[in-house]
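Next, two complexes with subunit A in common: one pairs it with subunit B, the other with subunit C.
Here is the complex of A and B:
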């Protein structure tokens, strides 16, 4: 009995893309460990977590976009513009109070930008990809053209927060030290909040319902427009948090460093099993997908893989990873042509 | 109290300049199964939407359980116990059965938070109403179509439904599933639920309904108990035309063998020997899963045979893919025209000419738009596709006209063998009649035609010879002389 049960859960597990990503992560990390002996060192792990922080927050934006509607590609530029505005707020007002006020200012601007996306997408039913591509370009124009934003050293109060760390570790062997910044805690809290929202509120279930079947959602009594508007608005707020975190980590506001990050984040989310067509995907998948791509960008260097090979490997992983989930879906729908439905003679 | 649960009178509805409902009446008695029939575009779905509050009528009265309304709203309609089972069942494929069942009720109670316990309780209550046996935790996309429908029905019953409107509920179901659904309808009827059954399938109407109302062009043309209705009357009122289907000439010059298989086997069927001659219409019938569909796929190169041979005009051929099949002069009109045949968002014109695109373009592969226009116009006219403009997307057409477009496309390629899988599934009577006539006409011009179908009347009316399949094998062959519903039913 016990045996059949566990093999059943295993079977169920094996149909989830997250499972395969997990296996790949395991194999890859064991391989790097075997080759270099450095992967499972304390400072490498902390380094990974630190590099994952901002992509993890971005991943929530990409994820919420996909499950409710479709791609959202505007989060890096919302992060940049709202991060810039929050930094300017500190400079102009000379604000020296608690850091969360800086976050609130950024979130405020992020929500406004997200609301613009949400309004257009929900009200006019335009494809989210096109709308967010458009607003990305607009936000970038405002940032670099209107504000003429350049590289800015952050105000002291923000740098101070960046220097605080949750804990520090030193690798006994190499003497290299790493610290985990407070921003990691922010990422973790955002995941917990998103998880609770998606699973325990009707609005959260509505996000899945709308992504699964818009018409059915409307007939069931969900407010489809409000849900979509809400998702993209919240995405703006979350992106703003990521923007401030990113600046704090680098102690500079770097206006040109944001653009282009969306692709790898989206790749991570899709790799983690989020379905392009909406309604399906888990936060665990987002974390695993992000972890895998972070390992590839961060740790392959440990075994001497040149930087330019990383891009190659990332590309390969994305294609293979998505192929797995596509095969899963087509199996489900019985689309395989030549082995068409095994018709049971009932 | 009146004995009518619902009575609408003189309802008018305009959409822009289109007068969709021209003062229709519809009375449904308490506890009956009432059929609403009519061809596509006759106003069936509009009246449903008026009753359910989606559309506001531009005139007329609605009376529900003795209470008069000028118009309904969706909430008021649900409050009065009116529930609709939509054709697509309105389910969330990506979510569990539990959530699919519980959402409506939880949302109606304006709950903000999720209680798993409550969800499960609601779901269990829902399935208990029709003794529906299903894994509550399964994702709906993994379930068969029939189960999705049962989810929709049990969900509707949660709200103490008095009237359940079923919009063409049997379209996607197999015969067995239809039977099970009818049992459920009988059961609901016993429990006092009134049902409005929207359908244009004759046999079903006679089997399950107590009374029937037929709409044509936005007007109700007849309303009577089913006992006073017969097949001829039914088709006449639906279409306004008299059909002399049985009198259609069947005699044709049947020529030499065009297609032959020997011991053909593939996944789904074994050792199939069949012969098709020029000018002959051969029917292949059997239950779902009998191998009939697989056989048609194999002949079109969509399923690779394990063994056996296929001969075209006496020459042995291999058909590894559809391109080769077309080259050999074989055409297949698939079972599911929406997903397997048509390019729905593309224009009617493009859909028609696609198989002839090589002939209509020059050596450089540049298409000649004039000849495409001519070609398309010719087919739209010849085959009677009801459209104002062949630039409109195919998705704007009714089921019957979509099927005509698909037929036109394949006939345009002038195949030697035309295979049709369920050629009139989901097609209204008028279009069905047109399609059958067209097929007879093609056969008389020497085309060999295979009709794969489980519609007995279709087979009897069009085929010269019928092969019956069971569990992947040919179990009987019926010649035209012996072809009638009784003999055929015995074999199937």
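Here is the complex of A and C:
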């Protein structure tokens, strides 16, 4: 398929929202580069990757929620609460061993919280937005009310992990240096795992099937309830990883910094072509959507756009981006068939 | 043919209203019981602080803003959508009105000043109309899913507000306007609460009893059916979001009068609270069910509860979040179980 880039494959490419996001990213980055000359500098790229890490992990949660059921908005607070519990675990036990144990503790708590979401959503078939809004509120109450969590400096062992970097670069021109933390590696491996799971396991195909058409999935032999329960439970675990990564990056546990991140992540995932009603979406789209919004928040300042234009631009991108993809879908004839085809390429 | 179709339609309309009326009665009854229980418990355990005039006045002031926005969100939810941008429409309207009054009304006095204040209020409401219509346009005409459209406009309206103010607070409004926020009627009601009651009464009637309201419920229940029944769906949806916008704008104006300032990101936590209140009040998030006065009762419950909890200094404010979350999910489960029971009953009746 690659050697003959026929008009047909081009056409097929042009029907995918990711393609447009990619074009927008390209144009935007070229524009910023032309205006400032700083966009394609090594330290800016590394900075972008660094600030993308946590949103990328969050994006998997939002993505899995959308393709199987609907919006999941609880991941920032699951991240916060399980991150807090893992940090407390290190303090209380004085644990000084390998960092992955800390992650495992966080994941354990994350899975429990995810399972609560999953149970309510799958068992009662409630709208996931409302349920996860409710549990967000509960988790936030537990974190700030019951535990009275405040700003905590992380234990030494966790800071040490945060200071380890994958590689460091220094911009010869400006002398600014940036380093890519190890957490980026975690994000990348999560993407690979999710990709393999969704495309090469029966349960993974079931996630798409359940989101695409619940009844058909059930007739085809998928256990709809179990798949939904599984997805939200796993989401809890992934969110927990993001929570620990976020704390490690900032060397502090900041309980109030988590809430409110969900909307921008959801926007990124939707921009990347994931459908709100389930069954359609790709991980590539998630990465591109996250990249676009990260560029907007990080690099617009390079061309002298005042910081307070940020929200406006993000809102405009969400509206224009989604409107284009919605109009396009409704214009295409044989929409159902097209949807089926898209399911195959995650 | 036409008459048959018409009688069919009126018959289904009647059935529908009867059906939902019976069902909602249970929910309203439950809300009333919860409300009085909280009220009595609070009055017995904290008689001197809870049953004071000052406490009632402060409760009235606080509940008006999110209570109004919850009605807006509720209307959008009845139509089968959601309005996440309500809080930011309120802030934007308050900022537009505030900036206008500051520029024009502060320099003059007397009737001229009053005129400019009235114009400012109208301009604020107009902002709400425009914002709401834009939401409606995205949802009804461009077919962007409501959650996504309002997620985008939420950022957009906040963005516009930040650009207009440069991120700072708008304050220093003309005296007569600020006075409105401090006016009490019969000493036991704040003016804002009276405005709130009027709006609640109006929309209870408008959504519950008029032709438009009926169409809105039908649309929320089954969009395809209303389309084939000859109802212009996009007009209904546009108007629903416009109403939500205007109600949010009035909430913004009342808060402008109360705290005498406005800010682009004021009340961000209300986004969650408004949805919670709407669901607590019996609005079905899938659309088509729920009553406006249910939202009113839910608002009162939330305010009673939060004022009561405030009287225990050892309980941190954050416990409220937890209680709201648990309440939301419990209400959903209770409604689910009871609906299932009534459905089973109906099934038995129809099978006989």
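Here is the rule we go by: the second predicted complex is superposed on the first by the 327 of 346 C-alpha atoms of A that agree within 3 Å, B and C clash if a C-alpha of one lies under 4 Å from a C-alpha of the other, contacts with A are read in each partner's own complex, and residues count from 1 in each chain.
The rule is simple: a residue touches a chain if its C-beta (ideal position, glycine included) is under 8 Å from a C-beta of that chain, and two chains touch if they have at least 3 such contacts.
What you see is a predicted model, and the numbers here were worked out from it, not measured in a lab.
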Partner chain(s) touched by A:266 [first = subunit B, second = subunit C, both, neither]: second
Subunit B versus subunit C as contact partner of A:304, first or second or both or neither: neither
Subunit B versus subunit C as contact partner of A:202, first or second or both or neither: first
Which of subunit B and subunit C A:94 touches, first, second, both or neither: neither
Contacts of A:280 with subunit B and subunit C, given as first, second, both or neither: first
First (subunit B), second (subunit C), both or neither touched by A:316: second
Subunit B or subunit C, by number of subunit A residues touched: C
First (subunit B), second (subunit C), both or neither touched by A:215: first
Touch list for subunit A against partner subunit C, complex: 71, 120, 124, 126-127, 129-131, 133-146, 148, 260, 263, 266-267, 270, 276-277, 308-316, 318-319, 322-323, 326-327, 330
Subunit A-touching residues of subunit C, taken from the complex the two chains share: 82, 84, 138, 142-145, 147-149, 151-160, 162-163, 166-167, 268, 272, 275-276, 279, 285-286, 315-326, 328-329, 332-333, 336
Subunit A-touching residues of subunit B, taken from the complex the two chains share: 86, 88, 90-95, 99, 103-104, 106-108, 111-114, 141-142, 176, 267-268, 287-291, 293-294, 297, 302-304, 471
Subunit B-touching residues of subunit A, taken from the complex the two chains share: 199-205, 208-209, 211-213, 215-217, 219-222, 275, 278-280, 332-333, 337-340, 342-346
